[in-house]
Amino acid sequence: MFDVIVKNCRVVSSQGIIEADILVKDGRIAAISEEPLEAEAARTIDAAGRFVMPGVVDEHVHIIDMDLKEVYGRFELDSESAAVGGVTTIIEMPITFPPTTTLEAFLEKKKQGEQRLKVDFALYGGGVPGNLSEIRKMHDAGAVGFKSMMAASVPGMFDAVDDGQLFEIFQEIAACGSVIVVHAENEMLIQTLQKQLKAAGRKDLAAYEASQPVFQENEAIQRALLLQKEAGCRLIVVHVSNPGGVELIHKAQSEGQDVHCESGPQYLNLTMDDAEKVGPYMKIAPPVRSAELNAVLWEQLEKGYIDTLGSDHGGHPVENKEGGWDDIWTASNGALGLETSLPMMLTNGVNKGRVSLERLVEVMCENPAKLFGIYPQKGTLQVGSDADLLILDLEIEDRKVDASQFRSLLHYSPFDGRPVTGAPVLTMIRGTVVAQDGEILVDQGFGQFVTRRDSEVSS
Amino acid sequence: MFDVIVKNCRVVSSQGIIEADILVKDGRIAAISEEPLEAEAARTIDAAGRFVMPGVVDEHVHIIDMDLKEVYGRFELDSESAAVGGVTTIIEMPITFPPTTTLEAFLEKKKQGEQRLKVDFALYGGGVPGNLSEIRKMHDAGAVGFKSMMAASVPGMFDAVDDGQLFEIFQEIAACGSVIVVHAENEMLIQTLQKQLKAAGRKDLAAYEASQPVFQENEAIQRALLLQKEAGCRLIVVHVSNPGGVELIHKAQSEGQDVHCESGPQYLNLTMDDAEKVGPYMKIAPPVRSAELNAVLWEQLEKGYIDTLGSDHGGHPVENKEGGWDDIWTASNGALGLETSLPMMLTNGVNKGRVSLERLVEVMCENPAKLFGIYPQKGTLQVGSDADLLILDLEIEDRKVDASQFRSLLHYSPFDGRPVTGAPVLTMIRGTVVAQDGEILVDQGFGQFVTRRDSEVSS
Amino acid sequence: MFDVIVKNCRVVSSQGIIEADILVKDGRIAAISEEPLEAEAARTIDAAGRFVMPGVVDEHVHIIDMDLKEVYGRFELDSESAAVGGVTTIIEMPITFPPTTTLEAFLEKKKQGEQRLKVDFALYGGGVPGNLSEIRKMHDAGAVGFKSMMAASVPGMFDAVDDGQLFEIFQEIAACGSVIVVHAENEMLIQTLQKQLKAAGRKDLAAYEASQPVFQENEAIQRALLLQKEAGCRLIVVHVSNPGGVELIHKAQSEGQDVHCESGPQYLNLTMDDAEKVGPYMKIAPPVRSAELNAVLWEQLEKGYIDTLGSDHGGHPVENKEGGWDDIWTASNGALGLETSLPMMLTNGVNKGRVSLERLVEVMCENPAKLFGIYPQKGTLQVGSDADLLILDLEIEDRKVDASQFRSLLHYSPFDGRPVTGAPVLTMIRGTVVAQDGEILVDQGFGQFVTRRDSEVSS
Amino acid sequence: MFDVIVKNCRVVSSQGIIEADILVKDGRIAAISEEPLEAEAARTIDAAGRFVMPGVVDEHVHIIDMDLKEVYGRFELDSESAAVGGVTTIIEMPITFPPTTTLEAFLEKKKQGEQRLKVDFALYGGGVPGNLSEIRKMHDAGAVGFKSMMAASVPGMFDAVDDGQLFEIFQEIAACGSVIVVHAENEMLIQTLQKQLKAAGRKDLAAYEASQPVFQENEAIQRALLLQKEAGCRLIVVHVSNPGGVELIHKAQSEGQDVHCESGPQYLNLTMDDAEKVGPYMKIAPPVRSAELNAVLWEQLEKGYIDTLGSDHGGHPVENKEGGWDDIWTASNGALGLETSLPMMLTNGVNKGRVSLERLVEVMCENPAKLFGIYPQKGTLQVGSDADLLILDLEIEDRKVDASQFRSLLHYSPFDGRPVTGAPVLTMIRGTVVAQDGEILVDQGFGQFVTRRDSEVSS
């Protein structure tokens, strides 16, 4: 009668934890029961009283595949990282070669994803100078949201927008009823400060942080919030690195604006105190901040000021990183995250009492799914939802992050060597176990395209 | 195997709506399934696709029974109102004869409730001048919270506290880890304004409203918020009547204070425009406000600024009300609410598109249960929760509120004659149908005492 | 042609400093000139390039004379302190025996002041329970403002008002177009905290401070601000002791409320670090605060958040103070200030670079005169103003405060023994030198009654 | 002994009004006296009891002279407008041909001003892309402040700065201890909105206003305020056109930032209700706003939220304006103001009770002089100040603005035909009457260069 029964779960949601069995049929959760139902099932998995949470919806992923040289991410490999790391749905960013800024590129990316990914995925379209008329087309084709950059662009491929362009994109997003995520930094301030620091002979990671300081990030955030207020679209400011920025967004949200704050495991689990050891491998944009600011971020996470966490997963060839030890300006920005985000949050957050498991499920599963319109299909363990779940082990001993074993094409991490005390041991997507104890159990193309609940595109 | 199956439900929670069957065993929800489980059950109820919500937890009820004359509420009768009105758990206020301000009175009230109530109940203790040492005793005996009055006291029986007393009560509540609810108005401002209005010859309901104006209510609210900030206890400001007060609490909560806002169906469904028709029957404290302010309250409800709704159910002999037509100052404060709260919210809120059903479940069921520590036993339909549920009819035609048919001892209502388009048609508590189509199906004493999840008192 | 010429002045105002001669005729400044006018004058005084500022208008003085026992202040003696200390106009508080809460008492106090004071004076009326109808009478008789107490009353003589009474007084003040000053503390919180501290066996000055903590002061301030907003009168919150209170008033003023902040030399020049040395002699209400808060007060003074400084001059028999060394609760509240306020501000403020002389003139002369309607007669050195001026010496060496030499009846001070580097060396009122180098040069009754510019009472 | 005596003045300052004679020697006010001094003077002028105010310091003037074609302003002629209009000191903007963005251009402009102007003048330097190293040189040469544009630049001549450039200019201004004024609008938002409006076929003045809406102006203001907070320089946001912008600056100032708000007579005396009549002649940047917003601006002026008023005087050939009747986009921005600013403020402000004369002196004379470091030489009537004064007639009958009679090269005005009830009848600079009853009484070159009090440049 059922396909799978997962027994003896401690099922976690933002609303609390219940002890029950989860019964799956046709890829969906068909029943949740605390009674041992006399039901037949093709397979029974015993969670043995472990915590079972929804699979992570990582809203901020740059696999960057397509026509790119092998040195960057590959759909097949990075989706294995996702599966092992507990990410059952990725929302892939549009910064790809070619960029996802036209309907044509969007459809090609969707096709490649369907053929090659091993976890489920949704797609962003890009909002760049000149592609305004493509936004609705990509929306209609199933994009769950859009991305624009106020700074830190990839010139010629994915350019930053000026305020006028951003405002028109916001207007179009509002008209579509979609959601826009923005990289909020101030390009010209960064260039000026970088120039001053270089002129002063600085080449260290702290100089990089000083070149993209908190005040310029917050300037861009407050500007985006003001434009959102006028245009009325749903806005997520992504990878917010500092408490002041979180506060600005929280305040606007408290006053009724449809604005939301994404931070990420990288900002929570790294501080400038790690600079000496990690060096260019923690060069990301916006920069990692001081330990003092980091401590406030953790409080804001638990208080509910941070709505979602995104890994900002994305890699560059190791040779683009290594030079940064001598001259930080030569290093590329970016870090892999799919395989470490959840383990780092479980290890340093839940197991150290800085955030509850319920809250973590809210920001890593429920909220991303809700904001991008794919809830309750994804992000929750309710009757009727996709059976995307993780069995957790929160009492791991003697394990460390080992980037050399990453499933990704690239094998470095700012967390390399850091202890891991909590991680998923089994990852299920639509009732199928896709990873267990580090082994991948599905083939390319298992992953399915996911789109908004209100979309007419079949997903 | 199961006791009851409620089939074909559209199960509502703050997280959304799912279509499923609810299976009950031993009074609890044992399973939720969208598959027709081949399970045996003593009874099967077909919800026929109707919305099914958790039973209402009404945190603000004054049945006022005990040694009082018959003319006030009676446990038996008012709990029938509750059952018919969809309230499955009442939290009874301590303003009773004798008042619930000592352990002895608390235990007596608990006993009487257990013997006579037909729905489940929890109890407040009172915080009044002089009973500080009784608070922990009542907490240990199972009180889910405490109530103090900054104004509008019942002299000699339940006196208002001054700021010093209130602060000490807050300190004690914090020490116990309990929650305090306060009636926040400014006694001396009210007396002065009342004196001025009487001197001007005013005797109308608008004069009553003017005697307890928004600014004095908000003064008391900001004072309570400041004391809470210092003492650190959990605080709910109850029956907030105006948007400015809601805003003050929302702002403090946004800034991290553990403070919460209760408003009520009476403030949402009545405005001063009803004064001519309803007269003294809408004399409550704080007063009902203008239609302009009322419109903002509805927006705040949907935006999430109001955390809970309480009925402030409580009655006085009709002769204490009637005189108010000629001289509003002679009329007692209070109105019955148990039988009308949910129907009015469904009719004027949900069915008019002013609040979603999900949000209503949040403020009438989930949030009260969470704030008073009785969640997830009460307030939600999850596996493991008490099977306290309502089957709703949201397409009622040709029905009106008829106070003459109220189950309570008293038979008047500010809503008398108002249309009803939505109401519960079946009320279940712990798997037992307690009311169906207006009929009461259980006896006195069916109701059980409910206490905090963390309490050692058996509930 | 002129009566007096004061030559070679560096004349200070909030608008800057000019070098000029001041020419006096008939008690007023008839001319200001940088040219040596060929004018005859009965007397020429050479300021020799020293700073010349307007005489201080001390808006907060409790001489407390009248039918009181000799042990308290006396008009004759305390006004000599004023003259020596650079205070040319005192505004005397209504807390006198009998209190200035009726027209009759007001007129009697005016008469006594005219007969006995040696400096000019204005009078407050009192706003107490039950004397509402006397307020306009005292206003019409020339009161420049009114005083009410929210706490720290003198029971039976000058009672605190409840919020309703305060609101009615505010309404009456608004109707008169007068100004109200309030002592903003929370009586009941103080009593409760005092009770707790006494129960804990505390008898030290720090316990006194803890019994009237910042949060209770700020609670009363925010309450007064809210009532002012509703009533619309001009309000000065007096002797604000902590930066949070200053901030609350500054914010309300920034938002357009006619509210103002008085602090005093006692809060600027004393901190809890002085407790061991000064003991009960710095017991005042509200209490002196910590050094940390004190540092912020100085910044707020220079930034313009503090509008006026008042000495809160008032004394109690020394035997009422001495017992406080052993048991602080037995000590009376109060400290003498007339003779030390300006010297302490010049010494610790101006000469240490913490406040400019221009700003000091603004808060000690111009602003009090403006707020109470006696500007430009008092508080400024303009053509047409009363010739009330001080010649300052800012380079004093080897002088200390010596309370044993005070002109007042009482001879103690929290500043006793503290160095003095700046002080007035000559005090002129209406063209007459009233004090020079510590000598008093006028007789009883020299002082004149001053009233509002818009008053019809002759002053 | 004296050069000039101005008798029977009602001398106005922000501190009040005194009745006195003003005695002038060597161009400065040597004495102020209410006594008829027996002084000899070369000339006696009888003010006959009229109000006498300091000459206006217009901090925002674009005469735009130098190598420019005759069709724009000329130093000689526009300074006659100034003299007639009561402006005794102009601070000339750097947008000139060539622009005042180098030391060389600055010195040339100073020379030309000294040779040709008939009123006193100070000069701005420009802060544009690429001239950072010139700023200190111009500061040292006597610039009283600097100007940068965030939008509305003159491409190729005076370009707008990006945020990085603006920040570096702010840093340099802070290092010099100078002051920066910014035109705060958002160039890219304007271009986008303009494009949309043009695409919609709009060509009217309301479309122009909609293309530079309040929200984009306020965006730029909040950005400038944030950069100022970081850099720490003194900032004046100029020609603020809307109350929201004023509020932002007021709030930052209240919180301790050294930021200031300039609005202007054009925003106070024009509203969009004048569009039909005045058309392109009121096309200025930022645009004139609605009557509703205008009413709030007047309140903010009186409340003290607006620090200075600048005329933004500047003209374009009439043929560049006329085309705007048919297509507003073709019209140049700008309006003449020197001859009308004070009369419009006296007529519509003082004489209609919307602003006091004392407050007008504060914002048009004292504050500009203080902010740019030329006080008390300019902007006030104190002993020692330059004898720059105006005798006012506030009871003019039957006069209207007649642009055809303007002294400027250009002869149009948005106020043409508007009634005038108040205006200066005599303008004195340094003791010399420069204009009387509309006649100019001095020659080219009478005007002197004015610099900061702390400058070592002789002025």
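To keep things simple, chains are lettered A, B, C and D as they appear, and every chain counts its residues starting from 1.
Here, contacts are C-beta pairs under 8 Å (C-beta built on N, C-alpha and C of every residue); 3 or more make two chains touch, one makes a residue touch a chain.
Since we're looking at a predicted model, the values are computed, not measured.
Minimum number of contact steps separating chain A from chain C: 2. The set of chains in contact with chain A as well as chain B is empty.
Look at where the CA atoms of chain B average out and do the same for chain D: the two points lie 62 Å apart. Work out the mean CA point of chain A and of chain D, and you get 53 Å between them.
Mean C-alpha positions place chain C and chain D at a centre distance of 41 Å.
In chain C, no residue touches at least two other chains. Taken pair by pair, the chains that touch are A-B, A-D, B-C, C-D. Across the interface of their complex, chain A is touched by residues 162-165, 167-168, 186, 188-193, 196, 215, 218-219, 222-223, 226-227, 229-230 of chain D.
Listed in rising order, the residues of chain C touching chain D in the complex are 1-2, 13-16, 18-20, 23, 25, 28, 30-35, 37-39, 250-251, 254, 256, 303, 366, 375-376, 380, 382-384.
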